[in-house]
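In the two complexes below, chain A is the common chain; its partner is chain B in one and chain C in the other.
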Partner chain A sequence: MITLSIDTKTIQVAPDTNVLKAALDNGIHIPHLCYHPELSISGGCRLCLVEVEGQDQPVLSCGLTAAEGMVIQTQSDQLKELRRGVLDLFISDHPLDCVVCDKAGSCTLQEYAYEYGLKDTSYEPTVSSTLFQDDNPFFLRDHQYCILCGRCVRVCDEIVGVHAIDFANRGFETNIATPYDGPMIDSTCVFCGNCVQVCPTAALMPVSRLQRGREWDLDRTLSVCGYCGVGCQIEYATKDDAIIYAQAPEHGAANGSFLCTKGRYGWDFATSPERLKQPMLRRDVAHELGLTEEPWALPETSPLDIRKPNVEQYFVPVDWDTALEFVSSRLSDITESHGPDSIMGLASARCTNEDNYLFQKFMRAVIGTNNIDHCARL
Partner chain B sequence: MSREKLDQIAEKEQARQSQFDKRIHCCISTACLSAGAGRTIQTLRDSMEAAPIGDEVEVVQTGCMGLCSRGPLVRVQEKSGEEVYYADVDSECAEELVAKTVSWDHAKAKQQEISPELQTVRDRLETARKKRSLKKHILSPDLPFFTKQFKVVLRDVGYVDPEKLEDYLAHGGYESLHKVLAEMSPEQVCDEILQSGLRGRGGAGFPTGLKWGFVRREESDVKYVVVNGDEGDPGAYMDRTVMEDNPHQVLEGMMIAAYAVGASHGYFYIRAEYPIAVDRIRGAIRAARRHGILGKSVLGTDFSYNADVRIGAGAFVCGEETALIHSIEGKRGVPRMRPPYPSTSGLWGKPTVINNVETLASVPAIIKNGADWYAQIGTEKSKGTKVFALAGQLTNTGLIEVPMGITLKEIVFEIGGDVPGDAEFKAAQTGGPSGGCIPNTHMDTPVDYESLQELGSIMGSGGLVIIDSTTSMPEFARFFMDFCVDESCGKCVPCRVGTVQIRTLLDKIIEGRGEPEDLDKLDALCKLVRSTSLCGLGQSAPNPVLSTLRFFRQEYEALIPTNA
Partner chain C sequence: MTNSVREIRDADCIFITGSNTAEAHPVISYEVVRAVKKGAHLIIIDPRRIPLVDHATLFLQPHPGTDIYVFLAMMHVIIREGWMDETFIAERTEDYDAFAAILEGYTPERAALASGVPEEKIIQAARWYALGERAHGESIYEEAHGHSTILYAMGITQRSNGTDNVLTLANLSMLCGQIGKPSTGVNPLRGQANVQGACDVGGLVNVLPGYQQVTDDKLREETAKTWEVEQLPCDVGLTIVESTHAALAGEVHAIYVMGENPMMSDPNSNHVEEAFRKLDLLIVQDIFPSETAYLAHVLLPAASSLEKDGTFTNTERRVQRIRKVISPPGEALPDWSIIADIAARVTQKLDRKPGPEAWKYDSASSIFDELTLVTPIYSGMSYDRLQPSGLQWPCPSETHPGTPILHLDTFARGQGKFHAVEARDPAELTDEEYPLTLSTGRVLYHYHSGTMTRRSAPLHWREPRGYAEINRQDAEAIGLKDGFAVIIHSRRGTIRTKTKISEGVPPGTVFLAFHWREAPANRLTQDHTLDPIAKIPEYKISAIRLENPRAR
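Coming up: the complex of A and B.
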């Protein structure tokens, strides 16, 4: 371990840790826009400057590897002035329409401008790009808010491995673009939306949240994504019991700070009227069991052939005990009359490893068959 | 190929050259070519063919002779070593020159029949013999332009045929490479360069021997040497000239560096705007491979080395070493933070030496003459010589090489021959868009890294632009700020947005809309950009504004309406 001092606080970190991470992990706040703990270092935002004892000039803490005995100052008049100057340049190239911005309240640039008391830019406001791209159903790209921190480019390249976007053009004209600036849908983008999540400003916004409430209006519920067995942690932002958007919480055990396209955008089933919320038994079976009074015969048309089958027409809701009782009695009957190998179990990729383990155990030890397979193998 | 065989080639070439009584050197470097040297050398060759006598005179294509403003330049070299320079040599002058150089001794006349076309040329030569206009083309060798210079890097530039390996060998080429391979350990080479005091000629002035030592001590299966030929300062063409006019000298320096650090492969990174340099470096690599100088077992030793050319795509910032590495790797040419320095993690993550063309071109001479010889030239901290591209409002503009420590006064008023016309000297700008303007009052400043920095300028790669009294300094500063706005890569905000805001303020002041507090605002913004930018481009971009604000503040003040 390496021992260093940041703002007179003695801190121990693992070797090769950068000073910014060391400070943030220990509750010391240093402003930063391009740094993200899970991405490579860029050094473009120039905000995380610190003073190092023995060095004349302030240095960027994100690019500074902690060394034994290092003495760091993160707050001083000089540093404040430099950071304020850099932020002043940032907001000279950024619309200051926070009062109507959906990102207000979770915008890092807004937070720093507030912290450093910048009510307006002291320069001539000059927005470099006014490009507005609304070319996919998931997120918007509004370049006037883009501060070119490059987090989206790095997350796409380093975490997702898709590299659908990169910097295009140079200097003040630089913008983030797909190859040849074609529509997002024609690029290699998989619409995982991790770029949207790491964006510190309103340059990338989920379509679902536009004008549906400001950050401070939203409730947050931590959950686990049900789409597959990975078990990604997911945070639903809701308002009046409606989901506004979903994102990964910080430091999810299985997913870090990232999600895939299903988890992030595929949550409309949650409030769908077609969603099944309890077990159901077919009407004829229910009648046989005495659960319904009306007799019912299976129609000749299969429900699978009907585009939108009316579930209620075929099934009746029952409680879990009834449903499980029915299943277990049928399994026992069939095993007795036709032998255990007449039964096959098909497990699901959406279950966890543990669920699947238990299921095969159930098939082998309880039913007594090796007829067990998995949907991902088909 | 062994040393002996190379010596044989050199001797054969020397013998061939010595059979001529006179040699006519014609510059075919870019500046002279654009002044019409292509026609000049064609006329020289045609006239020699048509002349009744011709065997005793050889026409040689060479590189830059320095006085580019007077091109095309031609030099007649006698067997005795005596030389006469001719300036502004057009076709007509070239014919007269040939007519007056050949002996017209009919006893030795060529016997063969000549074609009617050549007969026409011969007739013209006969007429040209009687003309008397050649005299006004003669440049005196006593001109301070020539006498004040001290040539190390450019010693053979202008004498050697850049497209002929034999000529380079005849001038002692590759002797230094052989010397290090045969007699010196890599450590000794690094020490020798360190002793010589050679510092990076790209502008930053880092001791070259130290840099090589860092890379030599790195443990790695592969190491690289990269020649930085991405010269981009407006008006500067030192590196282009050396690459175009003596490509083997750069290659030799590069190979010595490779041996010293243990590199097995290297790249010439040359900007696409230098097509002739690219061609000649490629030609030199091919010729060196053919002769066993490059490739496996260099000069019959265990040392193996290969070099390739990579062409830039037009970004000024790719002269910055980390951006250059990205460019060679096929990535977007943007700088990254250092450390790690390229000496530990450079090209493809391997230890890499990146040296400027001029730095490497100085190396063969240092090895040949010894570190002590080189260290006695120049000042205490800045050793050796520096090549400058002298441009702007001067009588003599061109390429010069001077010992470090020479004063700006000597360069401008003696070598440069003062400002022409009625205008007066106002300022000298060194270091291109990263440098500053030095006013008349500081012309006694010696040219060395530290002195120029104290004046808010930099040595830079060697651009030296002279500004006369007709130029407005705020507008001059805006020109360079325009350049920096265009060339900013866009990665860090102080450079990307700050340069645009500096230009906006300059526009406001120049257009007469300035307010009294704008000058302080401009000064503060420049200092912010300087201290917070990521790479050298941004850190030095405000220099032209800061230095003109320092020395010519009254010009800015005069632009601000008094009632504002």
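Coming up: the complex of A and C.
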């Protein structure tokens, strides 16, 4: 381990740790925009300057490897002035419309501008790129907010491994683009949205989030994705009982701070109008029970061949008590007449441990059969 | 998984087979990409050129169903060249000699003939895996050899010799001592959010919660005692596919389906439908009216995983809390509360002990507390302890920190057992009438039978309709181009879809995901020959024929 001092605090870190990470991991905040703990070092934003004892000039802490006995200062009048200067340049090329911006409240640039007391730029404001690319329903690319920190480019290449985007053009004309700046769908993009997650400003925003409320008005619930078995933790931002957007928490146990396209964007099935909302009995069963007047027979057409499935053609809604009484008396009758092993239970890999536990307990302890399986093999 | 997801990034050599990781488990593919960027070797053995091959340092493309020849030949080479871990074999394993004797016949020459994979690639894979070699950079493990990990999924298990394939990979890891250490192991990537948990808590025909055999009188009695019932059934039950056969034979009269869509996901859909139509009672408890629902007598509306509390257990055995994010629609209820209500009523009607009051649960956490009493691998867990990162089983006591890596000092059964496994052919070989091999699986933007993802607007936008991936050579042979309609026949049925000409599938192989109700892949798959032990259907290999509808 390496021992160094940051703001008079003695800190121990593993060899090859950079000073910015050493500080952040120990609760000392140094402003930074291009640095991300999971990505390679870029050093482009020039905000994480610190003073190192024995060196004349301030140094970028993200690119400085912690060394034994190093003495670091993260706060001083000189550093404050330098950082303020850097931020002044950033906001000279960034709309200051925080009052209507959906990112307000979780925008890192806004946070630093507040911290360093910058109300406006001292330069002539010029927005270098006003490209507005809404070519997909996953995320929006609004380049006027882009500060070219390059986090999106690095996450796409270094973590996701698809390298769909990179820096294009030069100097003030630089922007982040797919090859030839074509639509996202024509690139290698897999719409995982990890670029959106690491974007410090409103340059990359989930489409579902736009104009759906201020950040501070959203509730957040930590849960686990319901798709594959990786078990990614997801933080769902909600308002008025509706999901506004989903993102990875900072430290998911299996997923760190990343997700895939299904986890991040595939939650809207929950509010589909096709959801089953009440118990239903098939029309022939309902007729048998005297609940409907018209006789009915199950059509020969395979469910796989029904062009436009319409659940109401086949079923009638009933209350829970009717449905559960039907289910339990039929199950009891069949258990008694054909024996417990004439009943099969199919549990589910999409249901919780609690659901599955009760299901198998019901089949084993009440019905009396081990005919209990689920989709593990499918 | 024997190991944990976040160890993969530090592996020196990663060996992936039968897993289209970047599409089916994207977040695990991020770990693989990170490892490769740091200099790890990535060996992929797969009949398809899956997206992660872009990052592979070695790609072996065996003909479908012949991968086991490659695995056996790799071990043949490892022994021949002396790359095995003799200390590990001597101290930690048993039955090595019989296993090694079988390998003598599985030379790389023979594997090359059977699989089409060049010998030198087999030898290269054997060396890199056995010795944990890197492409560049330094290993974080300061040992004589680097650490190699095996990742696999349904590509090797959904086969009539699926169990043999898994045993072979286990043999390979033990042979090289690449197990029981960080960034090593044999790691099945499980495909559904709680498939691990559903198995753990007894959603299987042969085991009570915690993998306690139903045939073991003592274990059964202990569970019966906790549940306050007189006795529990002692015969192994019917698996999904067996129950379909039993329904057709008139032996099964009722099926209660919770959160599953067998009409789309089980092999030989026409057969499944015939069986379901014969039932006296089909109960479907689900969040949507699935294809299976249209054959049910009754539909019970359930809350989705976004709408209830509970726990999921992930592929690395980590039990994590899920929380109610939004309210369920209409009158939909959490599955557990529906089951508890039905159980109480049936208990009453059948006059079962200990009576309906035993089925009164007030919350998911009260069920979890009971579950830990009968599930020894979960017994140290509670909702409080699962904050914030969950716990990996086994977690046998309230102070146990969980188990990120299995088999550290000893195997679960004591010594690691080498199984002498021989290569076997798939159940359905191609012939003149059905000359191509169909493999089913998933695409990135959809999940399983598509019930959820096909109702998600952004995912639907990106991948709206089904298609069959066909090699240019096979397509052109019958005059098909990209985006053309194609009819696919197997001995079980016929479907119609559109073509996607893809060099990702080799000539002779067609890939079709099973998400598409308009082109249900499982009308084509076979349900007659299952793996004899795991009873898993051979979804990955069916003999098929393509037809160009214009040529009729």
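We take it that the second predicted complex is superposed on the first by the 279 of 378 C-alpha atoms of A that agree within 3 Å, B and C clash if a C-alpha of one lies under 4 Å from a C-alpha of the other, contacts with A are read in each partner's own complex, and residues count from 1 in each chain.
FYI, contacts are C-beta pairs under 8 Å (C-beta built on N, C-alpha and C of every residue); 3 or more make two chains touch, one makes a residue touch a chain.
What you see is a predicted model, and the numbers here were worked out from it, not measured in a lab.
Peer 1: Scan A:Asp186 for contacts with chain B and chain C and give back first, second, both or neither.
Peer 2: neither
Peer 1: Taking the superposition on A as described, I'd like to know which of chain B and chain C A:Asp25 touches: first, second, both or neither.
Peer 2: Touch partners of A:Asp25: none, neither chain B nor chain C.
Peer 1: Tell me which partner A:Leu60 touches in the superposition: chain B (first), chain C (second), both or neither.
Peer 2: In the superposition, A:Leu60 touches chain B alone.
Peer 1: Looking at chain A, does chain C or chain B touch more of its residues?
Peer 2: C
Peer 1: For A:Asn169, using the defined touch cut-off, is the partner it touches chain B, chain C, both, or neither? Pick first, second, both or neither.
Peer 2: A:Asn169: touches chain B, not chain C.
Peer 1: After lining up the shared chain so the two structures overlap, which partner does A:Ser223 touch, if you call chain B first and chain C second: first, second, both or neither?
Peer 2: In the superposition, A:Ser223 contacts chain C only.
Peer 1: Could you give the residue numbers on chain A that contact chain B in one complex and chain C in the other?
Peer 2: none
Peer 1: Can you tell me which positions in chain A touch chain B when the two form their complex?
Peer 2: Checking each residue of chain A against chain B gives 41-46, 49, 57-58, 60, 63, 82, 85-86, 89-90, 92-93, 122-124, 126, 128, 147-148, 150, 166-167, 169-174.
Peer 1: Please name which positions on chain B make contact with chain A in the complex.
Peer 2: 315, 332, 334, 336-337, 339, 485-494, 496-501, 504, 508, 521, 524-525, 528, 531-534
Peer 1: Residue numbers of chain A touching chain C in their complex, please.
Peer 2: Contacts found on chain A: 136-138, 158-161, 185, 190-192, 207, 221-233, 236, 238, 241-243, 251, 253-256, 258-263, 265-272, 274-282, 285, 298, 302-304, 306, 309, 311, 314-315, 320, 323-332, 334-336, 338, 340-378.
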